[in-house]
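By written order: A, B, C and D. Residues from 1 in each chain.
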């Protein structure tokens, strides 16, 4: 399992790997928002957390379609399916590797983009924290979509369409936790704990669903 | 915060980014050099180099 | 240890590809599946590897050293594609598969270096897999069979991209595997150069099942 | 032998990667030494000159900020020229030059952004404003990163070089348009409260360290650039040798 983790991480940083592209997409999306809404710093600081969250959501969906498709194209998927190790575990490890390679850079880049959005320190900290807790959930639930779309010729777009509605709860609680941290009356912890709970739930649901879909789509 | 703080931080930032570049160039060079040596040890030579040794 | 298949049939989409196939392979023997294109050779092998569900029938390993839940766990499957990453070096690929496969009970895989040696490609393990020619890639995929022990080898067109000398090398590998008490099943058009093997001839479209619609 | 043909021969001598490597080996220690000396002088000057009475000590940030910003643009110009060399003259070193310059340019742009932000905080009270000049530099940074990503995404260097050369040139043509539209966008939205950033009126006192630092940064760029080009040449040589090794191993076995 550690071998699989190491291999996937190695692949993501080698030439042609997707580690850089997701975070670059994130930065670009966040950077063009002010051109749409105008450079009013007060407005930007108010909508900043939401923009960062939506940008991170889109960016973490970006490389998901390759999660199993690349394995399928060179035949590795067959061998992964045949092994004694439970497929759920294999999928889970692949998700973890994918998150470390694409999700974690988003979390690290988010404070920097928070500065561009003129957010204050509390808002930046809260956004980073909620992204850290929330982006794994997107990867886990996205793995299910990626597994469903693995055999389809234009699966990439389909994965986004399939997964975005499923990821709405993550977005809702992530953003509301941030706003709870900024605005005094609402408490920060309840939405944040719900976010973590969703994360744990998806960490189970996603790999199980993905494993089932992979078994069914094998041909 | 005093202005000196910002000055120091920006000099440190500029220095560390430049040092990062230098480090990248240096490590890259060392890595490529090692690979070349490994290839030569395995008996793979450039055609021109082989002619010179002959 | 024997591999027993009874009354296997399988579908691709809605069509029944083959029906009621039964065979038995004792340890140390090989089965060569022959037949024209589209006769269901690949499908049969994928069913045996557990990658496709069988419509009817069962295939199992009888009297193995350890009870096998799914036949696929005891198998190496060498399909049309090599299951190696172009971006990683040959060494990294093989080390990964060795660690990920682990050994099935009753044997042990040989080291990566030895495996590469026995497919005759020593000295290029440090190259990225994508740099190798098609034939070399195929041979490295065969080295993958050696690094971890599996009693059953399922080989789909194993020698398609190989020249005559590499074919002979591969026949040697299979013979060694059989001598260690393994079982091999190969689908192929070419003669594998193996001696004394059983043959299964697939007729193709043997039984057209009653249409549901 | 006539003058132009000699020049052409000199030029094609440089085109030979082996010659270029030899040239780099002799030149780079001198360049690096000169860079260090200039940095020593520049840093000494920039810390001994008096601070501006309006901006206080923060004016010293200018001595790294302005050269970095100027280099971020010069580096892109170098890349655009190299891209032209790739597409028009098919100069083998041109794509090496363009590829090697991209990370360096990105780093200088990053320095300009960071120091600009650190300058902005005490001056305007915020880390970042969507001022036309800052925004353009940020867009330039994104373009650098995009080029690096494009280069990494393709494993065949000659094809990657051609495609990214097209992108570099499109970007080069586009920069004035981006700059213009960002300025237009900014004046459209600019609320009166945000301070416009007009560069400090430079008196001779600040000019001296600034110039020395600018030359030092430029030399640093060239040193790093030729060394990065050397690495890239070695990388390609290794790729060729590996292909060669793979071929010969097939025949031997």
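Quick note on the criterion: a contact is a pair of C-beta atoms (placed from the backbone, for glycine too) under 8 Å apart; a residue touches a chain by one contact, two chains touch by 3 or more.
Since we're looking at a predicted model, the values are computed, not measured.
Annotation: A-D is the more contact-rich of the chain pairs A-D and C-D, by number of C-beta pairs in contact. Relative to the centroid of every protein C-alpha atom shown, the closest chain centre, again from C-alpha atoms, is found for A. Rounded to a whole number, the gap between the C-alpha centres of chain A and chain B is 33 angstrom.
Centre-to-centre separation between chain C and chain D, using Cα means, comes to 54 Å.
Chain centres here are Cα averages; for chain B and chain C they lie 45 Å apart. Residue positions of chain A touching 2 or more other chains: 15-17.
Residues of chain C in contact with at least two other chains: 87, 123.
Contact with two or more other chains is made by residues 155, 242, 245 of chain D.
Residues of chain C touching chain D in their complex: 87, 120-121, 123-124, 127-128, 130-133, 135-136, 165. The touching residues of chain A, counted against chain D in their complex, run 15-17, 20-21, 24, 27-28, 31, 34-35, 38-41, 44, 115-116, 118. Across the complex, chain D is touched by residues 1-4, 6-7, 9-11, 13-14, 17-18, 20-22, 24-25, 28-29, 32-33, 35-36, 39, 42, 44-46, 48 of chain B.
Within the complex formed with chain C, the residues of chain A that make contact are 1-4, 6-7, 10-11, 14-17, 73-76, 78-79, 81-85, 218-219. Residues 12, 49-52, 72-73, 75, 77, 79-88, 92, 95-97, 99-102 of chain C are the ones touching chain A in the complex.
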